[in-house]
Each structure stands twice: as structure tokens, then as C-alpha cells.
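There are structures below to look over.
The following pair of complexes shares a single chain, chain A, combined with chain B in the former and chain C in the latter.
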Partner chain A sequence: MTAVDNTQTSSSSRRTIELVVLVGLVTAFGIISALVRFPLEEGEKLRDVIGIIIGAGLTFIFYSFLYRDNPLFKIAENLYVGVALGYGAIITWRQSLRPEVYDPLFRAVTSEAFWHELSYRVVPIVLGILLMTRLSKKHSWLSRYSYGLMVGWGAGMGIFVVTDSYILKQLEGAIRPLQKIVTDPDVAANLSFFDQAWPVVGSLVILIGTVSVLFYFFFSVPHKRLGSGFSRVGISYLMIAFGASFGYTVMGRMSLLIGRVQFLMFEWLKIKQ
Partner chain B sequence: MATPQEQIKRMTIIRHIIYALVAAAVVLPYIVKMDMPFSASKWSKKMYEAIDKLEPGSRVLLSFDYDPAAEAELYPMSMALLRHCFKKDLIPIVMTHWPDGVGMCKKACEEAAAESPKLWGKEKISGRDFALLGFRVGGADLILNMGENLKGAFTKDFYDEPTAGMAALEGVDSLRDIDMAVDLAAGIHVQVWIAYGHDRFDFPLGAGTTAVIAPKLYPFLQTDQLVGFLGGLRGAADYELMLEQSGKATQGMQAQSVTHVLLIVMIVVANARFIVNRLRGKQEA
Partner chain C sequence: MWYKRTIPLVIVFVIGVLAFAHNYVPYPEADDFREHMTKWFMIIGGFGLFLGAYSLLHMHVSRIRRMQPGWAYSAFVFIGAAGMIIVGLWNDGYGPLESAPSTAKTWFDWGFDYVQIPCSATIFSILAFFMASAAFRTFRARNVNAALLLVAALLVMFGRVPASESVGAWFGQQGFFPKIADLIMEFPNLAATRGILLGMSLGAISQSLRILFGIERSYMGVGD
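Up next, the complex of A and B:
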């Protein structure tokens, strides 16, 4: 028997074991669901219980990816995307298109009302329809008018807003603690030394961080001697920021797991809290 | 020396052991009773105080910009905020920028209204004590539209009731007429609300986000563009603590603490192993 044959035999027996385990888990899931969730309690609706059981089953299927990618996971993944898209489309129709476009035009009581409603809706409707031309290779160029307007509008609005809200206000916020102490003698007189020093230190830390990180990404001058040291300060700031981001991301992912465990324990298994 | 296949197999086993340990760390606090007290953070307190000091009848706009994927973190926040509004007789106006978020808005409003008589002895009715506006497309444009004409932006509420003449929206013609807004977001919408809402129409704005995007929002606190902030499950637990209403977030904090301890231990062990392997490699060389 060759090494290739050995590998094939081992892989085949492993798949058989995995299949047996999968059948066992599915059976156990079905039995537990039936024992815990049936007969229905007073006030419980069958559709809600079925929803909870499907939710629990899909949760297990999604987490099965941690063992290995598998066909059940693929099915659940596609189901998730499909349901989310379908739900989104229905809600967009029901909450946006129907009340804003369909109802005013096609449920207009008189022809006068129809023309009145159409008069100030015609431009957005035409621009919206032009977006659909993306589906045709021959006519897709027409969608550029809509996209052009969207990008132009977005940039025109955004430049002012972003400059004001994200740059100027942040600059103001960075120096405000310092400025309060320097320009307002009452504030300085009523604060202890620590309270006066703390905002100054904070402002300096932010100032050094901002300049050093910007310098790190400034490649027009070589980072030598003092410049090298300063750009290393910038890297340290970046690392601290990435660390904070990573920590929060871990916390977020754990929260999602906790949410699923709470669902399985309290809603599927009905364990009393 | 282990072959590459053996190394991959060993790493896979270690990976599975780590998953099992994390799962055990999350489940354990629900089986074994643990007492891990925590106190509300500074920015959660500021958010609570900003809402708590509003007069009864004040309008609080709640924008629930998240979908079921962020339910674990943001739904407890939504419930805590709605409970607080109902407790203080404030009038929440609930909306979302996410089509997938409509279900979450509806569920939260109906659940909070249903439990209100039992919790606070107050019956809450849609259209009178709260408004569920639902979803509209537009993002930043929708906010600008609401700033000019709120009832024009939402001609009907989620239940197809016309917003004109709705008691909950009486006197609210634009965003300038609301007393406070809170955005609970799983994406970039807080920044959009800051730039296109708060900075243009001048109303107090608070935010609650998933932990993943929380670090990006701290700069907006020092500039007073946000009056308060709830970050992730911890932020929701803080709010529940101040409201004295233990909910899913508070229950989740025990599991959160245990998993954090486990992760710290694993990071230390992995780094120690890395250093030992490196030193051993140097000695062999």
C-alpha cells in the first residue's frame, strides 16, 4: 500500500466519521427542539416557535464554519444574503417607493392631482430609471447622467460639511482646553494645579500625535536623524490607535457571540434567566 | 522537527481548543453565578443625564441605524433608551436609515410600549406617545430634508398613518424642533448625523455604536459634537445600570469579563511561547 493510498483511506474514514457525527448532531438538535419547544405554551404562536428553531439551527450551521467550511454553511450564507436583500427590497418598496412614487401617481383621485404630483417628481423618477440602464450594455452610458449628478451633489455638499465638521471643529476641540485656561482668568483661578495641567498635557499629546503621524506619511523629505525619531513617535501613536481598535473589535465580536448564546439559552432552550 | 503537515494539524487542533475555551468562557457565567460589579463610564453617564434632564413631553429622535447583525450590542441600547423615554414621559420619534433596521425599530417600540404599563404604570400608544417613522432612502439627503421639513420627509409613519396631524409630532416641523437626537449605529451614520444634522440644525446629539466603530467617535466628544456616547455592549450595560433595569446587556457583562480574562491569558501565553521559540532558535543557530 502506497502513501497516497494511505492518505486516501484516512481521508475517506474521516469523512465517514464526520458524516456520522453530523447526522447525530442534527438528530440531537431535532429531539431537543421537539422536547423543549413542544407542546406550545399558552400564548405562544407556532410560527414564532418555528422561527426560533430555524434561528437556532442556522446559528449552529454558521458556527460550524469554525470547524471547517462545509456545504451547510454555504447554504446558510446564501440564505442570509438572499433574505437580507429580499427583505431590503420589500421594505424599500413599502416604505419609500410606494408612499413617495406609486401612491401619489397611481392612486391620484383626479387627473389634475396626477399631473400636479408628477410635475415635481418627474426629474427624480427619470434619473432613477436611468440608473437601471446599467443592466444593458448598449444603453448603460445613460446612467452616467444620474451618477454624475449624485457625485457632483455629494462632493459639493460634502466639501463644505467635511471641512467644517471633521477638520475645523476638531482643530478647535484640540486647542479649546488650553485656550480656556489661557484666556479665561476665572477658569484658571478656580482650577487646581492638576486640573490646569491635565488639559494642557492632553492637548500637547494630541498635537504631537497629529503632527508625528502626518509626518510619518510625509515622504517628500527623507526620514533621517531627528526626522526618523519623530516618525517613530508617529508609528507608536498609530500602534496605540490600532491596539485600541483591535481591543474594541474583539469586544464587539465577543458581544455577538454572547448575543447568540443568550438566544440559544433563553429563547431556544427556554432556560430561566 | 515536525513536518509542515504535522504543524498545520497541530495548529488546527490548537485553534479548535481556543474556540472551545472561548465558548466555555461565554457559557460558564450563565451556569455558575458570578458577581462582577461594574460602574457606568463617564460618557454613558453624560448621555443618561442629557436625556434625564429633558422635560416631560420633549421630543427625542431615535435613529436606529443597524440591522439584525448588530442586534446583540445595539438592541439592548435601543430598549434602554426607549424605556428611559417612557419612564420620563418623553416622546420618542423612531426612524432608521437601514431598510433591514425597520424590523428592529418595530420590535423595540412595540416591546417597550407593551411593558410600559407594568414597568412605569403608563400606557404608551403609537402616534400619541411615540412615533415610529420607519425607513426612508436618502442617508445624508434625508437628514437635510428632515431639517427643512420633517413631515414632508416622512409623509406617513410605519403603520401608514399620515404624520400631518399626528399628536406625537405636534410642533415638530423640522429637526430644529426636536429636543435631542440619539443615533444608534452599526456603520458610519453617526458621522453623517453630526455633519448634516447636529452641525447644521443645532440640536443635542448623542450616539451609541457597536464596539468596532467606537474608537472613531471619541474625537467628537471633546468638541461637544456629541453630548454622550454608549460604546458596544458595555455602553448598553451602563445605561441599564443607571436606569436600574437589568437586561440582556447587564447579563452579558459577566460573560464579557470572563472572555476578556481568557483572551488576555491566551495573548500572554502565545507571546511567551513565541519568545521561548525565538530564544531556542537563536541558541540552536
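Up next, the complex of A and C:
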């Protein structure tokens, strides 16, 4: 036998073993679910119990990806995409199309009411329909009117929102505590020296960090001598922030993992807390 | 041709200027204008969902039609989408057995609670394993900056678990590690995030200005 034949044989036998293990695990899941969840307890609804079993099954299927990609994972993945699409479609229907288009127009009591409501909505409805022309090569230019309206509104509001919520608010936050503690005698009188100094030191740490990070990203002047040192301070701040953000994200994911394990233990297996 | 390119550019500029300027107009008409436009965008956005849904489903139809590898899995996209849409529309989500409105959970909520939530929560929790594995392989204190990143990550992670309080208690400072984690988040992390946010904000404003003045036109798509 050649090396290629050996590889094919080992791969085939591995797949067989994996398939057997998969079937075994699915059977074990079904048996455990049946033993633990049935017969129903008082007050339990059948559809909720079936939902919990499906949720637990999907949880296990997604975790099976940690071993390797498999058919069950692909099924669950595609099902999830479809369910998310359907959910988004229904939410959009309930929150925007039905109250803003369907109910006012198709449930109008009189023809006057219909024309009155239509006069308010005809422009966005036409623009919404024009969006669909993006699917046609010949008529896609018509969708530019709709996109122009949305992009223009987004850009104009973006300038205001970004300036107000990010630039001004962030600058205000960077400067105000320092100024308030130092100049407000009423506040200063009620605080110990450490309590007075601590916010000032903290504000200075934040101020130096913010300016040095901005300077690190400021490429219009060469970072030489003092500038080089200051930009290195900025890099250090960035490294601490990236590390902290990483740690924070990992812990956020861990809490999700704990949530799934709790679901499996307390809802699927009904282990008493 | 002017109606294909010039009119959209004029719309962008006029609407953009109105969107920006109405925030500084101290009359109720400005608020009415914003509310009116918000309703317009809810309607246009609703139609936009059809475009997105068509794009996704068209891709899966193509996969099935061409019998690309794994084409059969695409059928589950249609099963999931059709299932949610049918139960969402049928009797306002309650299905044929109950009368709407009712206090009982709808079948639409059932699909959300027992299919969508487990799937999304599990997928995001899987990232914990991949991130931990990637960190184990790549985190090396090769220089001062790498060491800062490593130490900050470890302290924040350790400060967020109950074990850190037990370890702190051995040294008589139960809240020491959680406090260190809070300090890292409160000061150096805030400073760097603020710097990045300010830079991003300036970039966003310049990009918005480029759009308003017609320099950036990628939203127009291809063609004349």
C-alpha cells in the first residue's frame, strides 16, 4: 500500500468512528432528555419543554464545532441564519411597515382618511420601492434617490451627533473634574487631602493618556526626541487599553458560556440550585 | 446624465445640510421635521429589509441551483426563515390555537427564546474558547509594551472572577484585585479609548463632509 492509500484508509476509518460517536451522542441526548423532562411536571407546558430540549440540542451542536466542523453544526448554522432573517422581517413588519404603511392605508375607515394618510406617506413608499431597483442593472440608478436621502441624512446628522456626543462630551469629561475640584471651595472643604488629590491625579493620568494617544496617531509632524518619548507613552496607554479590552471581552464571553451551562444544568437537566 | 448622478448628489447635499442645521433651530418645527423624517426612514428601511432578505435568499437559491458543495444545508435557511415568518404573521404570532391578544407566549416568542437565543448566545460563548486559545499561543512578554498588554489583560480577567477576592483575602485585602481591574478600566483604558474615539470622530466628520460635497460617491454603486 502506498502512503496515499494509508492516509485515505485512516481518514475513512476516522470518519466512521466519528459518525458512530455522533450517532451515539445524539441518541444519548434523546434518552437523557426523555428521562429527565418526561413526564411533565405540574404547570409545565409541552411546547416549553420541547423548546428547552431543542435549545439544549442546539447548544450542544454549536459546541461540537470546538472539535471540528460537522454536518449537524452546518444545519444549525444555516437554521440560525434563517431564523434570524425571519425574526428581523417580522420585527420590521410589526414596528415599521404595519403601523406606518399597512394600518393607515389598508385599514383606513373612509376614502378621505386613505388619501389623507397616503399624502403623508407617498414619498417614503415610492423611495422604498425605488430601493428595489438596485437589483436591476438597467434601472439601478433610480435607487440612488433613496440612497441619497438616507446617506445625506446620515452624514448630516452624523456630523452633529459625533461632534456633540463624542468630541465635546469627551473633551468635557477630560477637563471638567480637574477644574471642578481645584476651583470649587465648597467641594474642596468637605474632602480630605487624599480625596482631593486622587481625582486630580486620575484626571491628569487621563489627560496625559488622551493627548499622548492622539499625538501617537498624529502623523503630520515627525516623532523625534521629546515627541518620540511622548508618543511612546501613548503606545503604552494603548497597550494597556487593548489588554484591558481583551480581558473584558473574554470575561463577557465567559459570562455567556456560564449562562449556557446554567441553562443546560438548571433548565434542561432540572438540577436544583 | 444629470438625472442619474447630479440629482442624487443634490439630494445628498440638501438633506445633509438640513439634517445638520435643524439641530440648531430653536423652534418646534425643527422637532416636527426630525420626527417626520424619522418616520420616513422607518418606512424606507422597512422596504430595505426586502432587499437584504432577497440578497441572502438569492445567494442560497444559487447555491442550491448550482449544487455547490454543501448546497443541501441552504434549505435550512429557508426552513428557519419561513418558520419564523409564518408563525410571526399567523394570528399575530399566536397561531391557530389561541386568540390574540393573549397573555400566553406566542409561537414567535417561542422561536426566539428556544432557537435564536440559544444559537446566538452559544456562538458568542464559543469565542471565549477561541480567544483563550489564541491568547495562550500569542501572548508573550517579548518587550515592555507586550508585557503591559499581557499584565493588563490578566489583571482585568482575574479581577472579574470571585477567586480574586479569595486570593486578596489571603493578604488581608479582599477587594484588592477587583479594585486594580476597576482602576485599569477607569484610568488608562478610558484615556486611550477617549483618544481613539476623538480620532475616530474627526475621521467620521471628514468622511461625512466628503459625502455631503460629493467627493465620496460609493453609495451610488457602479454604472453611469
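Here is the rule we go by: the second predicted complex is superposed on the first by the 270 of 273 C-alpha atoms of A that agree within 3 Å, B and C clash if a C-alpha of one lies under 4 Å from a C-alpha of the other, contacts with A are read in each partner's own complex, and residues count from 1 in each chain.
Operating definition for what follows: contacts are C-beta pairs under 8 Å (C-beta built on N, C-alpha and C of every residue); 3 or more make two chains touch, one makes a residue touch a chain.
Quantities reported herein were computed from a predicted structural model and do not represent experimental measurements.
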First, second, both or neither for A:96, with chain B first and chain C second: both
First (chain B), second (chain C), both or neither touched by A:148: second
First (chain B), second (chain C), both or neither touched by A:256: both
Which superposed partner A:140 touches (first chain B, second chain C, both, neither): second
Chain B versus chain C as contact partner of A:244, first or second or both or neither: both
Partner contacting more residues of chain A (chain B vs chain C): C
Partner chain(s) touched by A:31 [first = chain B, second = chain C, both, neither]: neither
Partner chain(s) touched by A:172 [first = chain B, second = chain C, both, neither]: first
Partner chain(s) touched by A:84 [first = chain B, second = chain C, both, neither]: both
Chain B versus chain C as contact partner of A:40, first or second or both or neither: neither
Set of chain A residues, in rising order, touched by both chain B and chain C: 66, 84, 87-89, 92, 95-96, 100, 154, 157, 162, 166, 170, 173-174, 241, 244-245, 248-251, 254, 256-257, 259-260
Residues of chain B that touch chain A when the two form their complex: 16, 19, 22-23, 26-27, 30, 67, 69, 71-73, 99-100, 102-103, 134-137, 140, 144, 155-156, 158, 160, 191, 194-196, 199-200, 210-212, 214-215, 219, 222-225, 231-234, 248, 251-252, 255-256, 259-260, 263
Chain C residues within the chain A interface of the complex: 4-5, 7-9, 11-21, 23, 37, 39-51, 53-54, 56-57, 70, 73-85, 88-89, 93, 105, 107-108, 110-129, 131-132, 135, 144-146, 148-157, 160-161, 181, 184-202, 204-205, 207-209, 211-212, 219-221, 223-224
Touch list for chain A against partner chain B, complex: 66-67, 84, 87-89, 91-92, 95-96, 99-100, 154, 157, 161-162, 164-166, 169-170, 172-174, 176, 241, 244-245, 248-252, 254-262, 265, 271, 273
Complex contact set, residues of chain A against chain C: 47-48, 51-52, 54-56, 58-59, 62-63, 65-66, 71, 74-90, 92-97, 100-101, 121, 123-125, 127-129, 131-132, 134-135, 137, 140-141, 143-160, 162-163, 166-167, 170-171, 173-174, 202, 205-214, 216-217, 234-251, 253-254, 256-257, 259-260, 263
